[in-house]
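Following: one structure in structure tokens, then a few remarks.
As written, the chains take the letters A, B and C, and residue 1 is the first residue of each chain.
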Amino acid sequence: MSIRTQLSRYNVQLLNGDVKSLLSDSFARMIGIGVGFVLWSLLAAQFPRELLPTPIETVGLAWGLVADGTAWIHISTTFQSLFWAFLFAMLLGGTLGVLMGLNSYSQNFFTPYVNIGLSIPGLAWAAVAFLVFSYGSIALGTLRFAPVVAATLTVFPYVAINIWKGVENIDHDLLRMANAFSISRRRVLWRVVLPNIAPQIFSAVRFGLAIGWKVTIIAELFAGSAGVGYKLEHAYQVYQYEEAWAWAAVFLFIIILIEYGVFKPIERRAFDWRSDVELSDIGGA
Amino acid sequence: MSTSQPRRLANALPDSLFTNRSVVFVESIVALVLVWSVVYRILPPIQESFVSPTEVVIATQELLVSMVWVEHFLASLTHVAYGFGIALFAGTALGILVGWWDFWEKAFQDYLTIGIAVPSLFVAIFSAMWFGLGATTPAAAAAIVATPYLATNVYGGINNIDNDLLKMSNAFDVSRFRVIRRVIIQSVLPDWFAGLRYALALSWKIASLAEYIAAEQGIGFMIRFEMRVLDLAGVMSWVVFFTVFLLFLEYGVLAQIEKRVFAWRQNDSVGWS
Amino acid sequence: MSSETSQAPTDESLTSNNAGSIHIENLAKEFDTAEGHEQVFEDINIDIEPESFVCLLGKSGSGKSTMLNIVSGILEPTEGQVRFETADGSGDVTLGHVFQSPRLMPWDSNLQNIEFVNEDNPDYTEEVGKQHLDLVGLSDHYHKYPGQLSGGQRQRVGIARALSIDPEVLLMDEPFSNLDEITAEELRKELISLWSELNKTVFFVTHDMTEAIQLADRLLMLGDGEIYGDLEVPLERPRRIDSDEFLKFRQKAIDTFHSIDED
């Protein structure tokens, strides 16, 4: 229920109230998508095809990438880097976050790293990692070090902040209760501590993946041979703008799949004991 | 909260070494530089491609003395001013629209979700495709990326307004205008400012990214220039310049404003000042 | 197991243990502070009979919580000891705790909250958990979360949780002080009814004299580092707080309670 609906008693009659009763949520959503579709088509009609293809042309272009297997090759390269970077960032950020939550010395000691880390752009880490790892050529099999290192270093402060806040806000009354009932440490960890910081772990994962893949793609600007970022830069350099659109469409599909197929359902279900999941707070972190 | 320092060691040294925030801050920075120097010294293979802290300090000093930074800093500042300015208006308006009307909430919330999830490189490259070399590309990229973040914060702020306060206002027959001014705007302002803070830092990062891809001036453009000549110390001097400036903006300016203006709000959400 | 005043539905399986007795012997506690040692109390001796209901009264700062924490084993005494005796002679006692705030885990359902403390209980089944929720009148709330309950209902879950581990001694730390008076009154009556059913020894800390007289067989008053008042409550149950005997005894108890103020 929106604030406006709450406030509606100030006005005798609000059109909105009536409209709301007529339109279901999904209808409003369809309108939103429809308006976007029409605007895009109208704009596309004004511009040359390569600058802005129509929605349907874009889907066709994207299908071309998927059908000939190109999409898979480059997306799997990107995801491979992302996987390792995410893992390292969770380990590094998680360790710092737990330490910062547990004692004030670690908190004061590591806070500068986290703050400085938050201010360094992903592009900077990508550029530095590229130069340090012999112009991006140092690799383990097909896995290049530079994008992994760049993404790890960009992401870890976001993970650390979330975990830190979680550990710091653990309910000490519950720990005392568990102590009074002589519950084992293992059980306390699994049943009290982890569920207590689960929302923060979830947002660390979410933030980690969201920022991680943005930086991985930026780092692939320099990668030279594979990855979505590389293909995008290449398409731009050789003026194959249509290909850039195709990649955008493929990516949009993946984003929608992950957001609506994975994150939103977890968000809704996993924390149904909480009356208020304030993910908007995390947006400001 | 207790420190995990061994007791004997802790007793032998002054307490301030472990408790005073400024002292610990210095320890933290010194530790970082020490680890960096030691790794650089003891791993010869790294020395070919890596740089020592001293080299970075010298390069940064040269950069500052040469005054080259003035031109590019001002260029970036202009790009960010336009981009962030647009995001400020667009993001606030969109956030109010989505937070206030149920219909637009349902219609536009998917766009916000996707807007936040879209990789920034896509935005930068498409801006470059449309606007080419010049100041428009970084400004547009910064505006497009920052807008959904600010909108989401405003939207969240409106959603989290305390219903009890609205009920109270209703019970006292407070006029609608007065409620909007005294309850609603006051409640949303902290979230708006937090969003603004994040969006401003983001604008700088995205503007630099777009400058890297297509611009003739700006910090991002200079990072590209130094990369062309494979000068790692040069790249890092610009990174240091950029980061120190952003830290100053975040903690020296915006955090101080936040602390004064929202003093009534004893929040622990941003304890990392 | 006797059941002379049967109201709540009880089950044979709910009480297999007998009540234990508590023996507090030569107990002293001091804390190290910046200025030196601070003596909370010393030379405390109390024997609490099995199946009795004892209230410990004291003003804030009198050391009630310290005493309770020592009895529950969370704090170590500086001198002396707390000994328990059980019917089997082992002295190996199970303590049930009810706290001032219920301390329930918001992410676990009521049933899961009860299951949580039955870690080492091989006989625990979901049925046992449900029986204990039935006992406190929450038959319709097995799978609800604490956040969906009222304050009184949450404290009922807290009581059910403490009883579920089949304790010989129930330790209660001002469990009703955060509730409104009507709810607290309701819970007091139910607690008395449960106590007379289940025959637990109850050690109950409070600062509310009326509550203490309503509940207890015996009042202990802690202040100035000693037990300065130790009164048997000579009232028949059920007790009416507006009866003449109640009011008369209450006045006597209050006089005793304030007897240390004049010094």
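We adopt the following convention: contacts are C-beta pairs under 8 Å (C-beta built on N, C-alpha and C of every residue); 3 or more make two chains touch, one makes a residue touch a chain.
Only a predicted model underlies this, so the values are computations on that prediction, with no experimental measurement involved.
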Overall pattern in which the protein chains touch one another (line/ring/star/complete/other): line
Per Cα centroids, the chain farthest from chain A: C
Closest chain to the centre of mass proxy, which here is the mean CA position: A
Between chain C and chain A, distance of the C-alpha-averaged centres to the nearest whole Å: 50
Separation of chain A from chain B, taking each centre as the mean of its C-alpha atoms, in whole Å: 16
Length of the line joining the C-alpha centres of chain B and chain C, rounded to whole Å: 53
Footprint of chain A on chain B - complex, ascending: 1-5, 18-19, 21, 24-25, 27-29, 31-32, 46, 49-50, 99-108, 110-111, 113-114, 116-122, 125-126, 128-130, 149, 152-153, 155-161, 163, 166, 170, 175-176, 179, 184, 191, 194-195, 197-198, 201, 204-205, 208-209, 212-213, 220, 223, 227, 230, 232, 235-236, 239, 242-243, 246-247, 250-251, 269-270, 272
Complex contact set, residues of chain C against chain A: 72, 74, 95, 97, 99, 101, 103, 105-108, 116-117, 119, 145, 147, 165
Footprint of chain C on chain A - complex, ascending: 173-174, 176-177, 179-181, 183-184, 187, 191-192, 195-196, 198, 271-275
Touching residues (chain side chain A, partner chain B) in the complex: 1-7, 9-11, 16, 19-20, 23, 25-26, 28-29, 31-33, 35-36, 51, 102-106, 108-116, 118-124, 127-128, 130-135, 161, 165, 210, 213-214, 217-218, 221-222, 229, 232-233, 235-236, 241, 244, 247-248, 251-252, 255-256, 258-259, 276, 278-281, 283-285
